[in-house]
Amino acid sequence: MMKYSELRKSVLDANAALYDSGLVISTFGNVSAIDREKRVVAIKPSGFSYKAMQVADIVVTDLDGNILEGTLRPSSDLDTHLELYKSFKSIGAVVHTHSFFATVWAQSGRGIPAMGTTHADYFNGTIPVTRKLRDDEIIDGYVRNTGKVIVEALGNNAPLSVPAALVNDHGPFCWGKDAADAVHNAEMLEAVAKIAFHARQLNQDDPEISDALLDLHYQRKHGQSATYGQPDSSK
Amino acid sequence: MMKYSELRKSVLDANAALYDSGLVISTFGNVSAIDREKRVVAIKPSGFSYKAMQVADIVVTDLDGNILEGTLRPSSDLDTHLELYKSFKSIGAVVHTHSFFATVWAQSGRGIPAMGTTHADYFNGTIPVTRKLRDDEIIDGYVRNTGKVIVEALGNNAPLSVPAALVNDHGPFCWGKDAADAVHNAEMLEAVAKIAFHARQLNQDDPEISDALLDLHYQRKHGQSATYGQPDSSK
Amino acid sequence: MMKYSELRKSVLDANAALYDSGLVISTFGNVSAIDREKRVVAIKPSGFSYKAMQVADIVVTDLDGNILEGTLRPSSDLDTHLELYKSFKSIGAVVHTHSFFATVWAQSGRGIPAMGTTHADYFNGTIPVTRKLRDDEIIDGYVRNTGKVIVEALGNNAPLSVPAALVNDHGPFCWGKDAADAVHNAEMLEAVAKIAFHARQLNQDDPEISDALLDLHYQRKHGQSATYGQPDSSK
Amino acid sequence: MMKYSELRKSVLDANAALYDSGLVISTFGNVSAIDREKRVVAIKPSGFSYKAMQVADIVVTDLDGNILEGTLRPSSDLDTHLELYKSFKSIGAVVHTHSFFATVWAQSGRGIPAMGTTHADYFNGTIPVTRKLRDDEIIDGYVRNTGKVIVEALGNNAPLSVPAALVNDHGPFCWGKDAADAVHNAEMLEAVAKIAFHARQLNQDDPEISDALLDLHYQRKHGQSATYGQPDSSK
């Protein structure tokens, strides 16, 4: 009998949703989620087909990466996820993809500027890019250090108000309050990455939107007094 | 019994046509239409699925935004639509989308230059971009002020000869003599936005087409003596 | 009974092939073909649906544009086609499309440089762009003058060795020894326009390929001693 | 009875896999494989439909290009393949495509820089572009000389650690330890060519990734102690 079946089920479902979103192909990318009370993390197994995945394939570890449940090897990105859970106390799930335009920004070494209201609807500021890792950080503890530079890049932003960062030379990591939310943020990240890529082709000097516009749009969808949609709507 | 069922039906049909065009996804975007005699506007409900929409879901308001018919909350962009109806006396419908290339031009802060005859077939001049809103215009009356800067940007152009404008940092608004015409203009806007985006990648300095060519093509499709198509053709 | 049914049928088939190629949408674009012996041209009717078109809808004119057979109005581009037939004695058909990347080059005012062997396989040199028409050429005889500047732009090139030109601010015209050949050239034009567009984004200064490479590839597919394919192959 | 039926079957299967990958269209592109013991090469016939191809259509030659088995003319690129087999002793198969973004890099005269970890997962360094051929190399022995400049461009790289090169003004050649591996490399080449194309639009000056990161990622997938996937996984 599985002790963490509910958490594993939510991670399985989120991996399936991620695959259906078209943001990942083959066995690439991964979703994890944390149970803060039990202090355990459930994550996709490494190099495993999204289509064949079952609840029992999801791996459960403690916050040091010791396997508690599951027989497969966890995602090779596990240590990055763990670093994020340790530093970002408010988040409940992490998603890693190689979605095309977010990856292009990451591999060009640039953060994604807030070019418009589409960005502001989901990200309350620039989506930061990490600094490039030093050789010693690559050679020893590469995956864990990837998590550390993400935390460094986010700086003073509240993790849930800018729920994504780009790993320089690599690709995006996203997070959210739960696994479904993190996958949704990964989809929105790709949408704003694509708009900003093209906007920058037309005008390299256009400034980011004003704080006033950024706040208004972000609060409209996420604030206490959201005005979008119907009053009884779930979002 | 519904008093404005015909107007609501035309708005429902135009929203369905907009959805089928691929220019909008999820619940984004909206179409409204006005009955100039009755001085009422029918508009899509806020955050509502295009697929599920029925005539009874369409909201009818007066020109001050007071709801006359319908139980749902109107589109959060209502006040922008109302400003356009008040200033552009010749138009019968308004469409708002986030169609990709028109949004890219808007979020790069640039109007769409008339690069060729495709543009001239539908828009008799540059498609203007609004100025960026000031903080005080964002904080108080944002949606209404969005309409005001569109009117300001259109300047002396006849609204039906340049039936679109780009809201800076945001996206396009289009209009037309009726709801079907406004949706068609939204489709043509995206087509010319895509061509102009790519033309500008090849040659940043190519001037806009001459007034002579602009007028000839525009009149060929829209003038009194249109020569395109068959004499008994409806377009 | 139709006098020119064979010619009309070949034009109908080529219009159908053009539509199937995806290079044209709605009622845009057109194909014509000439019977040099009878000195008559068959052309698509103006603004007419590709899907509904029948042999009897194809219009037959003499070289001055007088209608000899058919009840519909001919394509509004007829005079451009006639100019090309008068000046390019070796060609048997003309195709006009707004295929995306060829149109982008045209509306950016640039000819398509021979960036590689793909280009050389079909076009033995740069695909020229016409000069912009003067106001007097637009106001009086626009369609005919469009043909004249194409002829001017092709210069000393043999029409069948560079079977395409771009009309500045507008889009491409192609031709060939017969209607099927002209449609095939329109498809190849779009392919090389797309490659060259992207190559120019990476490197604006890369020179066109050498005459030696241009000739070798062109002759390999089109010369007397073509070496591509099987000896008994039709191409 | 066929003497080389196994080799021909592997080449047939790889050509089918190449066609299914979407990297080639019509009759373009080709795959060959070598039997090092028997010193024979099997290759796709020239200008032959991928869909209609049977084992008996695959042509077998010796390393001088003399046909040993098969009745069709071999691919017109045969001499390039033979040069690669002679110089790159470790490879078992060669693939030529005109995949879009790899061709764009080739026809812009630029090698593909290692912009990120996606590149490093498959190519342990920059993917080189050949120098442009001199006129005398084009006029006499063009296809063979194409092979020679590829070998020259690869320089001191081990062929299987950078299993691709771009022929200037033309397109990519890839290779691998066997035919399936070479086709897979052609697919990965197109993926990294597309990312690098777009990354260069955002930032022309971003340096290639560090040797430390290049090695770590390459070894993670290809080294003795690969850590990606499950321990009993085949890749």
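For clarity, chains are labelled A, B, C and D in written order, and residue numbers in each chain start from 1.
Assume a residue touches a chain if its C-beta (ideal position, glycine included) is under 8 Å from a C-beta of that chain, and two chains touch if they have at least 3 such contacts.
Values in this document were obtained by computation on a predicted structure and should not be read as measured data.
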By label, the chains that touch subunit B as well as subunit C are none
From subunit B, the most remote chain by mean C-alpha position:
D
Interface check for copies subunit C and subunit D. Shared numbers divided by all numbers used: above half gives same, below half gives different; which is it?
different
Could you state the distance in Å from the CA-based centre of subunit B to that of subunit D?
50
Where the centres are mean C-alpha positions, what is the separation of subunit A from subunit B, in Å?
35
Spell out, as numbers or ranges, the residues of subunit D touching 2 or more other chains.
200-201
What residues on subunit D touch subunit C, complex-wise?
27, 45-48, 72-73, 76, 98, 100-101, 103-110, 132-133, 135, 138-139, 142, 169-171, 197, 200-201
With touch defined as at the start, can you tell me which subunit C residues reach subunit D in the complex?
115-118, 194-196, 198-203, 206, 209-210, 212-213, 216, 220, 227-231, 233, 235
